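Supplied in structure tokens, the structure appears directly below.
Order of writing sets the chain letters: A, B, C and D. Residues in each chain are counted from 1.
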Amino acid sequence: MSVTVAVAGASGYAGGEVLRLLLGHPDVEIGALTGGSNAGETLGVLQPHLGPLADRVLEPTTPDTLAGHDVVVLGLPHGQSGPLAAQLGDQTVVIDCGADYRLEDPRLWEQFYGGDHAGSWPYGLPELPGQRERLRGATRIAVPGCYPTVSTLATVPAVAAGLVEPDVVVVAASGTSGAGKAAKPHLLGSEVMGNASAYGVGGVHRHTPEIIQNLSRVVGGDVSVSFTPTLVPMSRGILATCSAPLRGGVSAADARAAYEKAYADEPFVRVLPEGQWPQTQSVLGSNAVHVQVTVDEAARRLVAVGVVDNLAKGTGGAAVQCLNLALGLDETTGLTTVGLAP
Amino acid sequence: MSVTVAVAGASGYAGGEVLRLLLGHPDVEIGALTGGSNAGETLGVLQPHLGPLADRVLEPTTPDTLAGHDVVVLGLPHGQSGPLAAQLGDQTVVIDCGADYRLEDPRLWEQFYGGDHAGSWPYGLPELPGQRERLRGATRIAVPGCYPTVSTLATVPAVAAGLVEPDVVVVAASGTSGAGKAAKPHLLGSEVMGNASAYGVGGVHRHTPEIIQNLSRVVGGDVSVSFTPTLVPMSRGILATCSAPLRGGVSAADARAAYEKAYADEPFVRVLPEGQWPQTQSVLGSNAVHVQVTVDEAARRLVAVGVVDNLAKGTGGAAVQCLNLALGLDETTGLTTVGLAP
Amino acid sequence: MSVTVAVAGASGYAGGEVLRLLLGHPDVEIGALTGGSNAGETLGVLQPHLGPLADRVLEPTTPDTLAGHDVVVLGLPHGQSGPLAAQLGDQTVVIDCGADYRLEDPRLWEQFYGGDHAGSWPYGLPELPGQRERLRGATRIAVPGCYPTVSTLATVPAVAAGLVEPDVVVVAASGTSGAGKAAKPHLLGSEVMGNASAYGVGGVHRHTPEIIQNLSRVVGGDVSVSFTPTLVPMSRGILATCSAPLRGGVSAADARAAYEKAYADEPFVRVLPEGQWPQTQSVLGSNAVHVQVTVDEAARRLVAVGVVDNLAKGTGGAAVQCLNLALGLDETTGLTTVGLAP
Amino acid sequence: MSVTVAVAGASGYAGGEVLRLLLGHPDVEIGALTGGSNAGETLGVLQPHLGPLADRVLEPTTPDTLAGHDVVVLGLPHGQSGPLAAQLGDQTVVIDCGADYRLEDPRLWEQFYGGDHAGSWPYGLPELPGQRERLRGATRIAVPGCYPTVSTLATVPAVAAGLVEPDVVVVAASGTSGAGKAAKPHLLGSEVMGNASAYGVGGVHRHTPEIIQNLSRVVGGDVSVSFTPTLVPMSRGILATCSAPLRGGVSAADARAAYEKAYADEPFVRVLPEGQWPQTQSVLGSNAVHVQVTVDEAARRLVAVGVVDNLAKGTGGAAVQCLNLALGLDETTGLTTVGLAP
């Protein structure tokens, strides 16, 4: 079987990562590649690491250029996927790496993104309890944000098992590729190397409501999340440190048991051996999520740490994982849990 | 006036930073430089950035080599300052960059460091309420740890003003020089570049009781601190993200007002303009601390962020600041608030 | 078909990279993993990125533990492969990632490495003219050094076509993983981040005679090579800038034509489009080599630049490529030309 | 004495570095700060590391705003200094950090920069033989380019002493700040971290004729320079590897002697002890230049390596050094040879 896949936004980081992975996917044929202002340019110049596609020329991002493929993956700025997706056929599998269809509550969309809410699609985080079944055979899937992926997976077992109060603090350190490829002065290499900075502090980052939505679904009630993203000097990777007040007499062993149980059958999530803490390098370029959990006895908080490659499992890898589920392929096809280290 | 200063541990990062700053200090003459296993080696090879001292040869770290100076600065592994300091004259100003004399509670020393408690010296954080006066003319000063410096300064105004519950969560991203110059595999460049990792999770890092001690002194009662250090790919700098549950109707404006008031007269602490968040690059090589604070309305938490150069204000700069206070010099002599950026 | 492969030195960077690639190789079953001082430890701790092998325990590096495999890959410090290989059966394919069998001239071995010369094996650089045939079915292969791989491939077309005098200057910038995983102070992250340095200047680096050997073979006569390695702040990758005096009226077009012709059929070497210069990120984790060439009209020199991932095509990828050739598999099995960027 | 200094282009890297250094200069009062598109913005936002100037607002870059100062330092894109300088009074000391007045030959200006040649000013490299005297009391000074500074200083003693043929190969690795603060995609942190790349290959980089001009002046005849710049993942610093064919029986000792003699009295240039090779970290933020030289006996080439902080001695430090000379101050006022390491 060979499935044709078009990628819209092929010159960006999300699109590039999807293509990197699709080039290693045995069941996929790469179809149209489209760009915005880059239409007409050669991929070899825009994405020089994608050697086998070097001679491909970007077409404009229109319903016409994307038509006729089994799957269309969208790697577009938020607000652009909605209008486009509406013009793609119902039989086409559309996988949106952007934010347009992630949030269910239109008021939250308007508060955090502004403009009209496009709607919500099945949320592409198969590891969320009960979610995998919603993705099998789906024709529309919203790929989660990078911060929500790792923050959610590092927290869900604790909140789902009721080990903690639903009052979570997340501080996440991210590489710069999460900010995209648009040239902004504060993202220049000279500015980010040797530098760590905080941004979007105080609950204003757009990924905050998405984390809350995920945890609320699991808890079945209100959840408070204080989320602070920080930028650190690396291209890829997120390290999320998550904590919440412990309930009753929960011990470190209880916590570990809950995490190990929650992820026992997950192909991409690994609870590290006791005492070993996650590092982003271990999951670089892979679809793996590494998590670890312990209990701070003095502060009476559960502390969990998760890592993910923001472009791989955090974006492009998740898109391929969702593509596999949508098409009924083995969920791990074309994906690896082996990171590129050192 | 010219003061003679000896530096023990001149081959390490703390000692090197003290020397870098002393070379620009107008009232200081650099005396004996000592090392452990490096004794007999030339400083130009060990610290090639200290050009004017390149021909200096390290002497062994003994009371004899350190005797006869007005000031002795100790940059030694913990446990070594205690026995040595006991053999230095009472008139000599001794400034310890290590941990030996930071903690007041012997049980906490034993729990976190092991071995006998050397005692406690005036704590070299002049910005702590009431602390500056204890340091003027002191002959023994314990320089704070790097994490405690920035975590404390980013949190004190909020807890001192009673804006938050004394239940603080700190997640700090540090450059690697905080781990010292001893060659360990996990600190190799190949391991730390492109990598972010957590360590000492769950309240076990040795700086935890020091932060608690500082905040408890200010609050005048028990304080809970959940502290998680993380390592990010840069040589210098710490970014500390601190949060705590808001009390009553505290607003972002209240928070800012408290911070601005607390640091209005501090020469080294700057509360950034509203909306501007700290970045470590801005304080690189300087004695400045940048802080910012806001309120997460939805999560009902105050969130404050502070940055410091772990080797400068976090170690060597603090040592020089303390030296100035001990000797009755202007506190800012030989120090700058201008960072090396980009 | 499934081939069993043992890896000696599985805790090091070369061994780890071989394993990373073998985990994605369809025809290979990973057998014994051995270590030196790490024997008895768990691979999940030593190489946390190799998730699927996390529970493997390292055995001691002995002929017994390595016996009974179709292939043995050696990732050992130089001087250790020789004695070990002598005790492995003739039918076993032995692929040495170390230096022991690279140099043909015993005097050069003694001059640059010291100790007894183990001998020389077929040199595992299939892209060297005529070399591929020597590797098909071979049972002993010496994997080239990382610097020689990229320096040779960036220079061979020019010297082979007689476009330049055989008087080559190579200055190469390398990531730190080329220096291995042994903890040395000058390789600490704090020392290498924000830092570029030269070392082994003046023709004393051990890879110098290997580059000369390669170019001399192609030229069929004496070649002079001035080689200067430099260390730059990244984990992986080498950028080699190579130049030599132009002969006669050689133009940039002549140079490009020679390079394009030389590599037209090579699966892993890509001559970039005119005007596009190589960057290491494009080949990260891949077996690709990117090269570009031009002519400096004023200085009358040909200048060629090549990039390679020192651990992939520069070590582990080359080992797998050689394994494929030795076993009669398609040369590209389990290898990619797609880099991990950004 | 207090001299007023205006800085045009205060929002850029050159202007920011000049200001960083002037803030520590005892004889200077900082006057007008001007910007282009940033006029009207606050310096605290644009250059958050310059704490003491945080409240300064940028004025437009016009002759009027710059008038009335003793010194005007220009940190402008090339082509802008010429027209502006023509409108500044003859008594005003004007120090141009840009390229407009560096080249003496109008044809080279047109070839490498295009547009009209503004002319040439005394070249601000006091370490060039005979040049210091031309700068004392000068009212117009052209600060050298960063690459030419280090390439020239690493090469001059060899060519001046006739130890080598005037046929020099320079390969230089630079941090990204040399490319300025304008946001370009290829300079994004995600693109430059973990990446080394070559650019301007084949003699086309604009600093090439400047290096040739410097060496030709010293040799008193034609010099050939093959110059290749490369970009490596750090904010600051250049490492230049320079080599040339040895003449006659020149030994490494001869070479060292020539370098030590050439720089014996230079306050900022240090020839490292034999066997110690330069690293950029050692000169970070300082005005120091570290050089080392040896001889490759087999390749019969002299190899010299130099390092400089491209923004400090490579731009802003040189500007202050020239300011000191122009005003008759001690040449080292406000400058240091101590680098910020690690």
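Just so we're on the same page, a residue touches a chain if its C-beta (ideal position, glycine included) is under 8 Å from a C-beta of that chain, and two chains touch if they have at least 3 such contacts.
Just so we're on the same page, UniProt names per chain: A, B, C, D = N-acetyl-gamma-glutamyl-phosphate reductase.
Since we're looking at a predicted model, the values are computed, not measured.
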> Which chain's C-alpha centroid is most distant from that of subunit B?
Replying inline: C
>> Quick check: more C-beta contact pairs at B-C or at C-D?
In response: C-D
>> Give me the superposition rotation angle from subunit A to subunit C, based on Cα atoms, as a multiple of 5 degrees.
In response: 180
>> On a C-alpha centroid basis, what's the spacing between subunit C and subunit D, in Å?
In response: 37
> Where the centres are mean C-alpha positions, what is the separation of subunit B from subunit C, in Å?
Replying inline: 44
> On subunit D, where are the residues touching two or more other chains?
Replying inline: 13, 175, 177, 181, 188, 190-191, 193-194, 233-236, 279, 281, 284, 341-342
> Which of the residues in subunit B come into contact with subunit D in the complex?
Replying inline: 13, 16, 20, 23-24, 42, 44-45, 47-52, 54, 177, 181, 193-194, 235-236, 270, 272-273, 276, 279, 281-286, 288, 290, 311, 336-342
> For subunit C, which residues are in contact with subunit D within the complex?
Replying inline: 167, 169, 171, 173, 175, 188, 190-191, 193-199, 201-203, 208, 224-226, 228, 230, 232-239, 241, 243, 252, 277-281, 284, 292, 294-301, 303, 305, 307, 341-342
> For subunit A, which residues count as touching subunit D in their complex?
Replying inline: 13, 175-177, 179, 181, 183-185, 187-194, 233-236
